[in-house]
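Sharing a structure, written as structure tokens. Questions coming.
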Amino acid sequence: MTPLAGYLLVAALLFAIGLGGALIRRNAILVLIGIELMLNAANLNLIAFWRYGPHPEALTGMMFAIFSIAVAAAEAAVGLGLIISIYRHAQTTDLDRINRMKG
Amino acid sequence: MSIPFFVISALTVAGGLAAMTLKNTVHCALALSVAFAGIALLFLSLDAQFAGFAQILIYIGAVAILVVFAILLTRGSETPTDGVHSGTWLVGLAIAAAVFAVLGWAVLASAPGLHDEAAAPVVTVRDIGNALMGRYVLPLEIVALLLTAATIGAVIVAMHEKARTK
Amino acid sequence: MAATIDQIWIFFLHWLVGFLPAAWQHAAAVVLCVAAIIAVFCTLFALAVLMERKGLGRMQNRYGPNRVGIFGILQPVADGIKALIKEDVVPFRADAVVHFLAPVVLVVTVFMGYAVLPMGRHMVLVDMDAGLLFFFAMGAATELSVFMAGWSSRNKYSLLGAMRAIAQMISYEVVLLLASIAVVMIAGTLSLPKIVDAQASYSGIFPHWYVFTPWGLAGFLIFVIASTAETNRSPFDLPEGESEIVAGYFTEYSGFKFALFFLGEYVEMLAVAGLGTTLFLGGWSAPLSVLNVLPSWFWFFLKVMLWICFFIWLRGTLPRLRQDQLMNFAWKFALPFTLLNLVVTALWRILGPGWEQWVFCTAILAAAYVFMSLVGFRANRVGPRRYRYAE
Amino acid sequence: MLIQEGAAAAFHPQIAGPASFAVRNLWLVPAVPIVAAGVIALLKQPRRKLSAGLAIGSLGFSMLLAFVAFAHVAAGWASGVAVRETVNFTWIQAGTASVALGWVLDPLSAVMLVMVTFVGLLIFIYSTGYMAHDENFTRFFCFLSLFAGAMLGLVISNSILLLFMCWELVGLTSYLLIGFWYHKPSAAAAAKKAFMTTRVGDVLFLLGMVWLFAQTGTLLFYNNGAGSMEGWALGGLISAHAGLGLTAAGAIGLLIFAGAVGKSGQFPLHVWLPDAMEGPTPVSALIHAATMVAAGVYLVARVYPLMQAGAAANGTTTALIVITWIGSITAVFAALIAIAQNDIKRILAYSTVSQLGYMMAGLGIGGVAVGMFHLITHAFFKSLLFLGAGSVIHGCHEEQDVRHMGGLKAYMPWTFATYAIAMLALCGFPLLFSGFWSKDAILESAKGWEISKGPYYLLVFGAVLTAFYMTRQVSYVFFGKWRGHHPAHESPRVMVLPMAILALFAVLLGLIGTPAWPWFRSFLEGHGAEANLSVFGEPAFLMLLGTSCIVVFLGIGIAWWLYGNRSPAAEEPDALEKAVPLVWAGLRDRLYVDEFYDVTVIAFYRAWARVANWLDRRVWGGIVAGVALAFRGLAHLDRLIDESWVNGGFDKGCEELSTGGGLLARMQTGRVQTYLRLLALAFVVLAAILIWSSRP
């Protein structure tokens, strides 16, 4: 039986990796990937807490994770749409070069 | 701690690391799907069958594909010549490490108080469906609205300029 | 006696496993089952290829393979040996690792789907509560392998083929899923064995298959069309349209890797046929109650092979669609229609048994079909083609 | 009149028990045409056949169901059970109060259902011929279907609220159909007028409904003894007083009757109905003759228990007396006007108003059966008259002035034959025609009314007038010689056939309500009917027959003497005009009711609008301007203060701010990752503080 802390640590590690990627990479798509990883880490936490929580039959954590997955799908669609739109406009997805504050 | 957990975690973390460090963007996306699969397996090991399969269906079947498409549409698969990391990558790395340190600290600090033993909950898909249609019906409807709005929004954002240039 | 034959494989498995120490029995049973599934479906694959080549040959007024073995029966073996000993060519600029992984991922994910298919009474590897979802999750993963193949080849035909294939698979996967959900709404479960159980009763001698209900028939027809598209079969074989893009995403594959792709494609076809059989055609249940003397697994495989024959027939009959027709059909006809089918299914369930459910559901579906085809085909005026490019 | 007390007691209302097939599926009767209307609305203009087919098919389906329902009720009646089955459901639940809707199947609604679907179907079929050349054919059938659905919903509703909704819906479709040719200014104006005028009655109806709800707490008519038309609620309504010597029941009844006055074109709200003839003729036949205008009568019949509640010893109430007088006055008033009209449809419109007056009077005096019988027979022969008029108009190339017609019996034999039958039925030609029996029943009960003989004389006079103006019209249109320009032609078969069927019924329908075999009355009132031919020999009946004969022959005779076969030139003054020009002018101008409204109600509104306008411009505008002026003065003052000493300090502060802003702006690099970095840093700090502070 794996203790809850194990899952939490893995989630924390994934979160840190995602954050690091989002902070370091220059490609906007990879930043988005990093954010997806962070979201997944959060989902892992939700599921883990649901599994080890006092009332798993209430399904709260599970529902939260399912909704979070759905919202993440929407977020990915909009985010990638934005990136494509930015790319059309600026001909690059390099975040270091997309730093103008006006169109 | 069991061996499957270690294997799966290692797979997930390796996938995540690869996704964030590889030079070729497409490789990153593929590594990302490995990480997604790993997380789905972690869900399964937590007896969350539905969430695990939903994770595979949505993240690998949709999000990863979407990412790949976006990469191809923005010519991101060509590795840039001037490096893939931002100029201040060291700062970013430090901050990420700090975040992990804080989170790990928090987990370890509270570890003694956590429940480690719990009977596997018997949750069928039917229960989840009933919950979605009963107690959580309002969030479900809102998510449906959100998804619709997001779909329309994504299409409009991505099509806008094209419509103008035509 | 009939019951014994029905369960003969289970008995055989128990007998075989009985030789092992108790601690190993479970693992050994799983391994044996997996091996059996792989062996059976690889054989079926060979059979299907042979059938296809012979059948197409007949339809095109030629013989088809008839040199190796009696009536060319050993042709698949010869093909396999040829694929094994051929040189494995990897294009110069290709991404070798991804290029290698793509067919492996395809075959593995496709075979995973069989884990939840009930192939006979009590003959299912894992009776998962979310079996249908598992099947579709595995189906979704094949898209990634297609992309890997297309992208890693560094060939524009491969990439175009992969993009076409993914766009097509995503579009039709939605339809496929929605058509299946109608069944789930009535059966009240995602577990495939339970769905079969729900259909395995009879009124008189006639079975309660879902295809014999208005919504079931509509769902079944949509499912057939969508599954043809999902498996990139003719008339939806644009991703590998040889006159346009050579062979699509496996243009650059040769030797054993090509064989793997070939295997994956046919095994996916068999899997989708098995799923459709399970959802709409009563899975392993016999078409008439008196025919239950024949074993359940016989009926399952018979139905699947009939389905494959139907696919072959389609391929020999229909010309290939255009990309815009393909997309229009998926998004403007099939998707709204399946959504309506869901509503009708709900209505079916609300109305409960009685003549009303038959009349209303049939009327709504028929009216919607007529209306949508009128509207849809009215817009399809013949004229110069208009192209819209991705960029 | 012939109520058999013993037989009535043998009938016991059947309320409980499982709902029968007919009543369970009764909702389909209005639902199917409404759905058809929705589908037709989605069709494009060129899909004429499909739209007409949908409309006719849906109404045909409704008719079949209506017949099933009728058969169910009739079977119950035959086996001695007064069928009244309801299906009720809660629509809105707000706290303890709930609003329930439902539908009811009883003899009243069954009879109406059959009539509306049957007449409606014939008129639908007729319309395919009449509207064949109209470019908005599909729109027409969409509206017609919607109307049919709404009307059927009105008929079956068991809730006054549902009835009101359908009531408004038929009002809307009436508006849409009167204004169908909206490019004609007169049609648009007529539609508006109809809508506004009926609105007056509807407001009062709404008030009555709200009052009823407040008093009884239910909007259902029948609900196993708890409905507003059943014992308990009625008792409460009788005991509550509303002032002016009225009980609450009486007051509510009068308010609801006001709604009926508006919809059924009773005096003084009749003015919209003649103008409504601007709509296509099938619309006039269906909506403004047979069904919608009869809805008012039906409403009164539906709430009859309320009207009758707390009846005095002479069997009547204030509400019923008012209804009787209004009906009688309308009957004569409209008949007078009808004499001097020259538009073929306008004559019929005034005739409709007059006949509706008869129905109301019949309800007021004789009860539901008398009024409803006239409603049903009238629906058949009046829609036939309208269809005939439509046929004439069609055949005469859209000519509507009777002075430009003449001699049509040679050109249009079928139209003439059916029109003549309907005309005789309307006049109440003795024995043969349905109109005779229904009108006779009204006259008979009026004669026996204990309150006053006034209505009787009025109604008899009205009958003379009816015979007179109908004869005048027929002789203008069908006799004499052709005065138009292009020769007329007979209408297509699709138009003639419905007319022939209606003509058949215009004759036969009288048989169900003769005094010898009062099946209709007993069916509605729920007791057995016995054939008793000896009634025909009774002196009372013979006397009434005699009166009727005298009345009818008098009217027809005078009219024939004045107009018969003369066919004067169109410009020549009317025969009656030569005799009494002043009276004629008054009648021709519709007794100045419209003008009266113009100088009273409308003038009042105009004046009020002018006052409001003046108030707006002068008073409110002045106040606003004054306030603005005051603020401007303050602003000037403010500027003085500002410029002298506030500015200095403010400039200094701004400089400081902008320097600080510049410093802050340096953090806004426009690079997402910088922001993310700061976020993460802040998170680290926050989390560290939290963990540190919560250490055990």
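Letters A, B, C and D mark the chains in the order given here, with residues in each chain numbered from 1 onward.
Everything below uses one rule, namely that contacts are C-beta pairs under 8 Å (C-beta built on N, C-alpha and C of every residue); 3 or more make two chains touch, one makes a residue touch a chain.
These numbers come from a predicted model, not from an experiment.
Undergrad: If you average all the Cα positions, which chain's own average lands nearest?
TA: D
Undergrad: Report the inter-centroid distance (CA atoms only) between subunit C and subunit D in whole Å.
TA: The computed centroid separation for subunit C versus subunit D comes out at 60 Å.
Undergrad: At what distance in angstrom does the C-alpha mean of subunit D lie from that of subunit A?
TA: For subunit A versus subunit D, the centre distance works out to 63 Å.
Undergrad: Find the geometric centre of each of subunit A and subunit B from their Cα atoms only, then give the gap between the two centres in Å, rounded to an integer.
TA: Chain centroid spacing, subunit A to subunit B, equals 5 Å.
Undergrad: Mind pulling the residue numbers of subunit A that touch at least two other chains?
TA: Touching at least two other chains: 19, 23, 95-96.
Undergrad: Give the residues of subunit D touching no fewer than two other chains, as numbers and ranges.
TA: 673, 677, 680, in rising order.
Undergrad: What chain-chain pairs meet the touch criterion?
TA: A-B, A-D, B-C, B-D
Undergrad: Spell out the residues on subunit B that touch subunit D in their complex, using ranges where they run on.
TA: The touching residues are 86, 88, 91-92, 95-96, 98-99, 102-103, 105-106, 109.
Undergrad: Spell out the residues on subunit A that touch subunit B in their complex, using ranges where they run on.
TA: 1-10, 12-21, 23-27, 29-30, 32-34, 36-37, 40, 43-44, 47-48, 50-54, 56-57, 59, 62-63, 65-67, 69-78, 80-85, 87-89, 93-96
Undergrad: Can you name the residues of subunit A that touch subunit D in the complex?
TA: So the residues of subunit A touching subunit D come out as 19, 22-23, 28, 31, 95-96, 98-101.
Undergrad: Can you name the residues of subunit B that touch subunit C in the complex?
TA: Residues 24, 26-27, 30, 33, 37, 49-50, 53-54, 56-57, 60-62, 64-65, 68-69, 72-73, 77, 124-126 of subunit B touch subunit C in their complex.
Undergrad: Show which residues of subunit D lie in contact with subunit B when the two form their complex.
TA: Checking each residue of subunit D against subunit B gives 673, 677, 680-681, 683-684, 687-688, 691, 695.
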